[in-house]
Amino acid sequence: MKHRISVLSILIFMLFSSHLSATTREYWVAAEKVDWNYAPAGKNMIKPKMGMSVWGKQLIYKKYRYIGYTDGSYSTRTIQPEWMGILGPQFRAVEGDTFKIHFYNKADKPLSIHPHGMRYDEQNEGADMKGEGAYVLPGKKFTYTWTVDHEAAPGPADPSSIVWVYHSHVDSVTEIYDGLIGSIIVTKKGMERSVDDPRPRDVDVAFTNLYMIFDENGREAIKHTKGKQVHHEIKEHEDEEEGNLMHAINGYVFGNLKGLVAKHGDRVRWHLIGMGTEVDLHTAHWHGKTVLDHGRRTDVVELLPTTMTSVDMLADNPGTWLYHCHVTDHITAGMVTRWTVLPKGK
Amino acid sequence: MKHRISVLSILIFMLFSSHLSATTREYWVAAEKVDWNYAPAGKNMIKPKMGMSVWGKQLIYKKYRYIGYTDGSYSTRTIQPEWMGILGPQFRAVEGDTFKIHFYNKADKPLSIHPHGMRYDEQNEGADMKGEGAYVLPGKKFTYTWTVDHEAAPGPADPSSIVWVYHSHVDSVTEIYDGLIGSIIVTKKGMERSVDDPRPRDVDVAFTNLYMIFDENGREAIKHTKGKQVHHEIKEHEDEEEGNLMHAINGYVFGNLKGLVAKHGDRVRWHLIGMGTEVDLHTAHWHGKTVLDHGRRTDVVELLPTTMTSVDMLADNPGTWLYHCHVTDHITAGMVTRWTVLPKGK
Amino acid sequence: MKHRISVLSILIFMLFSSHLSATTREYWVAAEKVDWNYAPAGKNMIKPKMGMSVWGKQLIYKKYRYIGYTDGSYSTRTIQPEWMGILGPQFRAVEGDTFKIHFYNKADKPLSIHPHGMRYDEQNEGADMKGEGAYVLPGKKFTYTWTVDHEAAPGPADPSSIVWVYHSHVDSVTEIYDGLIGSIIVTKKGMERSVDDPRPRDVDVAFTNLYMIFDENGREAIKHTKGKQVHHEIKEHEDEEEGNLMHAINGYVFGNLKGLVAKHGDRVRWHLIGMGTEVDLHTAHWHGKTVLDHGRRTDVVELLPTTMTSVDMLADNPGTWLYHCHVTDHITAGMVTRWTVLPKGK
């Protein structure tokens, strides 16, 4: 009986609450061309004496990014935590909400925003050359409307919030490598902190990490930057090609991803995204603590291109610990950083 | 108490029903040499202006296939839905049933049928050179007997039906690339529509998709076809080799897989199979709708070689949507098609 | 109510039993340089007529291994089952126990033991150059203390015991390929056979298998062995390089892994570990029986580098059956063996 009552009360709660609290979440996002530095510290922060091998020869590339703004004047950028790196602004909602994503293409080619997981019609899909949203010309704007329906929300085996990825989808392969990638977090109905704060009540801090090898070989973005510091041509020597494969977590290599800090006792949710091509099989591994991955206890989470998964950790072991892809060639190439659990009381 | 009663009633039901409804399912299958066209439309149906790049230079190859027949005269072929493509006939059963698979090797080399998931003895394994079933000579026949026991049926976390793959296993690697692959669907006891229709009651339409890069380089099947339209020699130029890697879903590339159509409101089950080698990490991705994958909400399902998994979707968002592998090199190589949800009332 | 009572009684049981039965498990382990033969039989045991192709040209390599000893005199080796192959000694504990791992570096370079899953402080992590345990000089000893806490134990969706891997982590990439890898099994509190026997009560026999392609090209270990039988230089010819990629299960190729034998009716647990780099996507596949993988019924389990997973099988189908990676290039390269279910009464 206990189970039946729970289901009934949830259904009743949803019927009432959906009218009371369903919310439209607005975000303003521009696509912009930027210089991106995969290692702002200019060195290997994990093993300083080792250097960065072929991957250290060229660190700054011309990229495109989604940049968040506070309103439709597109004058004030939203502030992102340091650990978000190259990722676009994070869109957050509760099951039942609606997104209004105002997109302004400030870059030099047609772009779009295509979301995973959301419910959209053809006009708002941002892909497949269908509807206005699929092909936003430079200088133009488009507002996407996406419904965060039940089937965009956590499933029965998922934790209280899950991650979806969004990316440009005019020429999706090119634009993924451009850097036009961001994340969406959807919280299960009833698990939000409040109407205004869609983050889940059972999580203290959440991080979102994109594991992707950015292939900078022959990138179009680079060809426009002759004579500048950022300059690159494809070379025939294999090392040159390898050195342009930036094995990044959130766009950073060799420990340059910073800010992954939890307080002692924090319930941490790690939202993980894989992306890329055949070399992009990744295995996220934490030292210091294990995670619960859909009921499975592990400290290694498997990611293939466009895997989106969310796992939970209790951060109760103080220290600064390695956090890296466990694929050996990726360790060598710098897909490594550290995360920290502060001592009690800090 | 509720749970205990349910388990008891299921057990009682199974004791009675297994004698009443356990069924022998007979299928007649021949292995035959065929010409296979990876893109019958002769063009890129997704982005027509893009063409098919190196993968368009050669579209027809000599393959082997499993062909279904209506009876032991092997005169009338069974009709397959268009979306089944290169796959052999689908064998369907309910937990507790027995398969009798009558195999007729109409091809030019020894072949077999080896099933995943089924219970067999050495005589009926169709592999490892053991028993008659492991090595059926050209022109010969063999009837495989497989038991669909409890451990061939859906597990507690699985949906009401699951997919298994079968393939030839004399020289399994060669024969998988030959095209000698098919699928088996097993429905959980009690979930079948009727004794005569083993399909599950909680599903309206089901599709089975094989994600596999057919490596046509140096294929034996090709060497027998000199002087014909279907003609191929390994070239040293890398593009030639790449162009013979056919990044196919059910044997079709660049939107040539057709017939993935659901009615509005259909409960759709997608049976997914991966196959192949180190390049065959695939991530099946639907636009338009998400799926429930063992309790996990997602729109991307990970497949490694010989992964077999079944996921569920509610097809209530009308439109024609992209459906593709999300590995970037595979998008470029044409591992893409579309699926459709009809408008209400159609 | 039933569930609430169960949870309460488990909690009460744990409060009492943790003081009664929490145990310190001691192991003595040395790192040693050894000659390792990937195919002691000297031939392809699966398809004898096929031979071992390029992988048969060189079978013995200089490796490092973790060797178990019975006590601190390091004079008597512990006996390992034949199927353990190159793996180091298996550390076994119950949730709540503590490990004391006495490590003696008898090799010629600094090494360590870094465990997955366990709780440790920086001194005992065995990695990241932190603390004494991270860098044990040749001829030196260090005792690691690891806590087998709740978050090292099986999760709610896991079976009653799970596997973790341990490996050296001074230069982890090099040392993984050296062969410095072993396993840890943790049994859920209350599921152990007895205080002295931490193995789970609901399992009759367990096997632990490491799927990893040992890349012997340019291995340091080899450079020290000039003039001996074990001798290797990197060649430019691609076949030479390929032939040094040893596609091994527990360090054996082409059916040379032996001892995977179950009695009729045994409840078998297969602990599976992936390891390596981009080529190391593996799909463990059994002929003869299926497994239950976290509630999913299958006969293929996906492994990426450092995946650790445990699946269950009922061994009730007598015979000697193939057991192999289902990635086609890996079948060709010998990542294949056989396992056996004895007839009733044997």
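Lettered A, B and C in written order, each chain numbered from 1.
Simple rule for what comes next: a contact is a pair of C-beta atoms (placed from the backbone, for glycine too) under 8 Å apart; a residue touches a chain by one contact, two chains touch by 3 or more.
All of these numbers come straight from a predicted model, not from anything done at the bench.
Asks: At the place where copies chain A and chain C touch, is the share of residue numbers found on both sides over half (same) or under half (different)?
Replies: Different: when the shared numbers are divided by all numbers used, the fraction is under half.
Asks: Rotating chain B so that its CA atoms sit on those of chain C: what angle is that, to a multiple of 5 degrees?
Replies: To map chain B onto chain C, rotate by about 120 degrees.
Asks: Just give me the whole-number Å value for how far the CA centre of chain A lies from that of chain C.
Replies: Centre-to-centre distance between chain A and chain C: 34 Å.
Asks: Which residue numbers or ranges of chain A touch two or more of the other chains?
Replies: 278, 281, 294, 302
Asks: Quick check: in the complex, which residue numbers of chain C touch chain B?
Replies: Checking each residue of chain C against chain B gives 2, 278-279, 281, 283, 285, 287-290, 292-300, 302, 314, 317, 319, 321-322, 326-332.
Asks: Using the touch definition from the top, list the residues of chain B that touch chain C in their complex.
Replies: 1, 3-4, 116-117, 119, 121-122, 125, 127-128, 151-158, 162, 164, 172-173, 176-177, 276-278, 280-281, 294, 302, 304-309
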